[in-house]
Amino acid sequence: MASFWNNRISISIFGESHGPAIGVTIDNLPPGEFIDIEKLHQFMERRAPKSDGTTTPRKEKDMNQIMSGLMNDRTTGTPLCAFIQNTDTRSKDYSNLMKLPRPGHADYTGALRYKGFNDVRGGGHFSGRLTAPLCFAGAVCGQILERRGIYVGAHVAEIHGIKDEEFDHVNVTKDDILAVRYKNFPVIKNAQGKKMQEDILAAREGGESLGGIIECVAVNVPAGIGSPMFDGLENTISQLIFGIPAVKGLEFGAGFEVAKMVGSQNNDSFYVDDRGHVRTVSNNHGGILGGISSGMPITMKVAIKPTASIGQPQQTVNMSSMTNDTLVIQGRHDPCIVARAVPCVEAAVNIALLSHMLDYPHFVE
Amino acid sequence: MASFWNNRISISIFGESHGPAIGVTIDNLPPGEFIDIEKLHQFMERRAPKSDGTTTPRKEKDMNQIMSGLMNDRTTGTPLCAFIQNTDTRSKDYSNLMKLPRPGHADYTGALRYKGFNDVRGGGHFSGRLTAPLCFAGAVCGQILERRGIYVGAHVAEIHGIKDEEFDHVNVTKDDILAVRYKNFPVIKNAQGKKMQEDILAAREGGESLGGIIECVAVNVPAGIGSPMFDGLENTISQLIFGIPAVKGLEFGAGFEVAKMVGSQNNDSFYVDDRGHVRTVSNNHGGILGGISSGMPITMKVAIKPTASIGQPQQTVNMSSMTNDTLVIQGRHDPCIVARAVPCVEAAVNIALLSHMLDYPHFVE
Amino acid sequence: MASFWNNRISISIFGESHGPAIGVTIDNLPPGEFIDIEKLHQFMERRAPKSDGTTTPRKEKDMNQIMSGLMNDRTTGTPLCAFIQNTDTRSKDYSNLMKLPRPGHADYTGALRYKGFNDVRGGGHFSGRLTAPLCFAGAVCGQILERRGIYVGAHVAEIHGIKDEEFDHVNVTKDDILAVRYKNFPVIKNAQGKKMQEDILAAREGGESLGGIIECVAVNVPAGIGSPMFDGLENTISQLIFGIPAVKGLEFGAGFEVAKMVGSQNNDSFYVDDRGHVRTVSNNHGGILGGISSGMPITMKVAIKPTASIGQPQQTVNMSSMTNDTLVIQGRHDPCIVARAVPCVEAAVNIALLSHMLDYPHFVE
Amino acid sequence: MASFWNNRISISIFGESHGPAIGVTIDNLPPGEFIDIEKLHQFMERRAPKSDGTTTPRKEKDMNQIMSGLMNDRTTGTPLCAFIQNTDTRSKDYSNLMKLPRPGHADYTGALRYKGFNDVRGGGHFSGRLTAPLCFAGAVCGQILERRGIYVGAHVAEIHGIKDEEFDHVNVTKDDILAVRYKNFPVIKNAQGKKMQEDILAAREGGESLGGIIECVAVNVPAGIGSPMFDGLENTISQLIFGIPAVKGLEFGAGFEVAKMVGSQNNDSFYVDDRGHVRTVSNNHGGILGGISSGMPITMKVAIKPTASIGQPQQTVNMSSMTNDTLVIQGRHDPCIVARAVPCVEAAVNIALLSHMLDYPHFVE
């Protein structure tokens, strides 16, 4: 079940970076849902490489071909499968990877796991390119959620120590999400984004790469969705989020800050607002209590490591001679994937939320 | 599947804090494994409340009765079910919880999710007490792992800003793990542990509670275990870890620190050691690359929020009158559950690792 | 996942015939469902041995103790776990089973599968006794279904060539089901039942056992429930039905008779009845088309082999000496388990149907 | 999870009969397995329509394009996805299906299940054409099994009352299987096959269709494979077999005949053969005891109903006017699909067996 994920929604992702195609099959989507193909492409476009130097110059059109499950732009309810052709691949760039595993990559571990038979070209099935079908699935789920008023939005919260403003964890709205969504560089404060971009370009010049943090929120999730133990919102979201390569951490609400807090600070007092709704004054719980939504915004942060492929020479092991060796990675690489990972994080959260929502009658009707 | 977890190993946890019993069923354990019942109780004992004031005075004997799956102290291979009787319960302490949901608890979200029918006494199925069967399952899995040389160990890394030393992420050994395991307060540096305990007692005096961080490592996990995408080691571990109430964050290796790093810092160079083994110089990847073990120690940190039940009056909503109200929690509560959560984190990691290891022939033979 | 079954409803069954207890955990039951304990015991009682000589004289009280998931006789929505103590066990009767595997039993295959570590006393986890927790789970699910008008009923359709009348596959009603349910020997025509019982007693005298066929129907299942491919009603029901030891065949609607039919015979014409409902004139499809309910009664037949334990000497292999040997089975055994398997078949169908029904909003509300 | 199947092997099938493509993704295949593409096509060819009048004249090339998971004809271990383009489709033939549901088809139940949004052209996702990707997956699994000596073979055992000889349930070998496999009409006795074919042609002339029975065996399955309860060989096989449209019954070993037998007849005595292997004298148990293989041939029979689409006028309901109406089906249809279902049954058994075999170390190594 490595690349299958089964909850109420099921997802199966296939493909290798330099194979004929990559893609995804989504099962158990509610039937009759209108899917706006244009918006779907816009979502995918946010993950695509940019031409401004902050990402790899590889042209990924990520144009998907839908093979099943959609008729007249509406879901049929049977499996929806989408394909993305791999076109712009230069496999020779990767020819020595099997011999010299790249530090920070899955070349070494993948070879052991698959006894040397896995496709290593471009990272194969481990490639960040496999987040494209994840985004596709998340974009489909997101449209179904948004039709019911639920919006998921993320932004670059930090790159190499440069911080964006955060969402207002108590009062963030759909509009705050949409204000960031289609920015070329998805930050709340453009000035901070500009600093980050400059830092990325500088890193690129130096053959370096940068890591960062993505903040993601979900608004208007009704209270009472989820379950305790192993099928709560955090369990489901985390299982998907750690499917995005380069993710090294995930926290909800106050996250690791709770270690410095006392109970009276951390507890979020309940109150009745003027519309008669139960809310909390603060939102350290990140909208989830006992695995179940509280009705407050769901908030999380995701740590993304610096791209492992860098321009500098690196120490590694020559697997043929089993001696220490030096690797110089050729090929085109992202100096920073944090911005491109923003829609991937949203996609994972969309899938998790739709999957849980399907348990609730009023939602699907 | 809320309280069922299905991987190669399957776990089903049942029970409510103040019901007749709680317990766990474990399926697909390899047959013929000797289970040392005494060691199993020692593991459970680490989760039990202490008499030193740092935990709830509720006496939980956590003595378990094994109903099936074990004969002559060996696993039969068929489902192993263990029961823990609930004895020392004082339900009247919780009588007003349904009316006044406790901030930071699942009283409010649970009532919505289960339409008011869930057992709220002592937190019901949401109670931290349900980590006892999790520990039981983890202790069983741990013995099977340790027989093959794999050890999982955790310690209190931080409470309320007071930090313990960390494990050596590159060179940590089984002995380092065992040196901490049976300490009354599981820290590496006893002096730091003493400070933490004093801080906890002070918090208790003030009707407060404290959060913290647990560091966990797994050593001697062979390289090549796990899978990409949704069934990698991180996905599996995270799905289980977020099943422990009070967990708000999880990071592997350098975790959120990666946001401040450049690629050449974060990448862990490979080299061949003098025994001909491939290792990495540093361990920012936390022993996992592409969801698959690298052979280096697996390292992670888990954020535990301050116990939600505190002695101070708190603002909440009276669900009968739908007006704002003040809650004063009676009953016995832990001023800090971080130390008691240490074996729970180990248990989750044990279960995840054994589940993945079962895919590998040489392991089970 | 051997003894775990996961669909929308999850079931985990544990226990060995002569261990301390057997039981079941059921997850994802809708909360707030009233469970009539008396009716539950009546259901279990139908599976219990009878004192009329047609079954084993072993006294199985099958009195279950509910450990969680039920409060004030209503489901809490969290896992419902029930225990059945094993009391009347005589283990010495089975002492030579490990050496001389019984023909028709799982002694031989179980020993290989579990490397000789499984509990063989009374068949261990393979014992027909493990259908008691299955019945418990089915009885709980059945009460939830019946509250919505859906009834599942079965009867002994044939034993050793003696046939009962069949249900009217087109017009069978809840009343037809209830007319059979609590009979001491569940047949439609009592005269035929009497013949069967006499045949069973004769078989018992001769140290023999008898097989038979159970017919099961489900009425008032709304049209449109189920799915194509691997999660249709037939797939789900069959996966559970083959969990009952001794089942050797399962057919829906016209079943194996279709091999002798032409299309115009087998196809069930649709028509609109006077209440404006779509129905079919005949019911060869057994209420399921494409894995989805048609609104017609769901009909199936289940083949039950003669009890493997018989009084006559049998040829087998002495596993110690690896020579041919003769086995004489001591102990108490059922000359025919068909009647006792009737509630087990109903239980499996109840579980499958409730699991599918939970996908439909109007059902759970 | 309708069209996803998850065991150790995971299968996801997608597509609609008249959509752009149908296909399958297979996960968790062992890496490094050589797949003979030519043999794979031969397997698929057995399911393809014949030009002899016994099947639909629709040309299904069933030529598949492998998108991932295979490199240099060896499995990579990551998901293997194959596509089959839909080319020869004539959608106008099916234009009135939504209005007039065909008796015996899923038109009516599918419309309810998917609220009228499913693709009804050619049966959409319910089409028998979706067994092509199932065959593909089964062919891949079969090659891996055969490399270890395990062979699965089926034949037409009966059509419209005309019976083929059966396999020798005790002594059937790989050679018996191969002797039937590539026959144009897969029967053991060609003379009987000729009679069946003549009967099929006659049925076609009369606008009729015919049903039948398929017998399937698996030889050289090692003893000790499988599990009790819900994950035994019968449970797994049945869940897959009932995914083949038109299957109405499944029996193992003596199947429904057990109803007429006494225990001493039905029990299969164990003995040691001259090579020191434990075998049974007869094989009424069909090679499976307690869900686990006994080492004897696994034997089963599958009932296939007459093709629902027939040339004769049929009564149905006009769903627009909700009045009774008459349907005359145009288009090309199979007078008998039994022979084409033979490789589908093999495919299902191949998938089930490989999935179980992966639990056993010596098998994958």
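For reference, chains read A, B, C and D in written order, and residue numbers begin at 1 within each chain.
Here, a residue touches a chain if its C-beta (ideal position, glycine included) is under 8 Å from a C-beta of that chain, and two chains touch if they have at least 3 such contacts.
Remember, predicted model here, so these are calculated numbers, not experimental data.
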Considering only chains that satisfy the touch condition with subunit C, which of them also satisfy it with subunit D? A, B
Suppose chain centres are the mean of their C-alpha atoms. Which chain sits farthest from subunit D? B
Degrees of rotation, nearest 5, to put the Cα trace of subunit B on subunit C? 180
Averaged-CA centre spacing for the pair subunit D and subunit A, given as whole angstrom: 39
Quick one: subunit A and subunit C, Cα centre-to-centre, how many Å? 46
So which bits of subunit D are touching at least two other chains? 1-4, 13, 78, 113, 125, 228
Show which residues of subunit A lie in contact with subunit D when the two form their complex. 1-4, 6, 10, 12-16, 19-23, 25, 27-28, 31-32, 65-69, 71, 74-81, 83, 113-119, 124-125
Could you pull out which subunit D residues touch subunit B in their complex? 78, 228, 361-362, 364-365
Touching residues of subunit D toward subunit C in the complex: what are they? 1-5, 11, 13, 101, 103-106, 108-110, 112-113, 125-126, 130, 158-161, 203, 208-213, 223-232, 234-236, 238-243, 245, 247-272, 276, 278, 280-281, 284-286, 288-294, 301, 303-310, 312, 314-317, 322-324
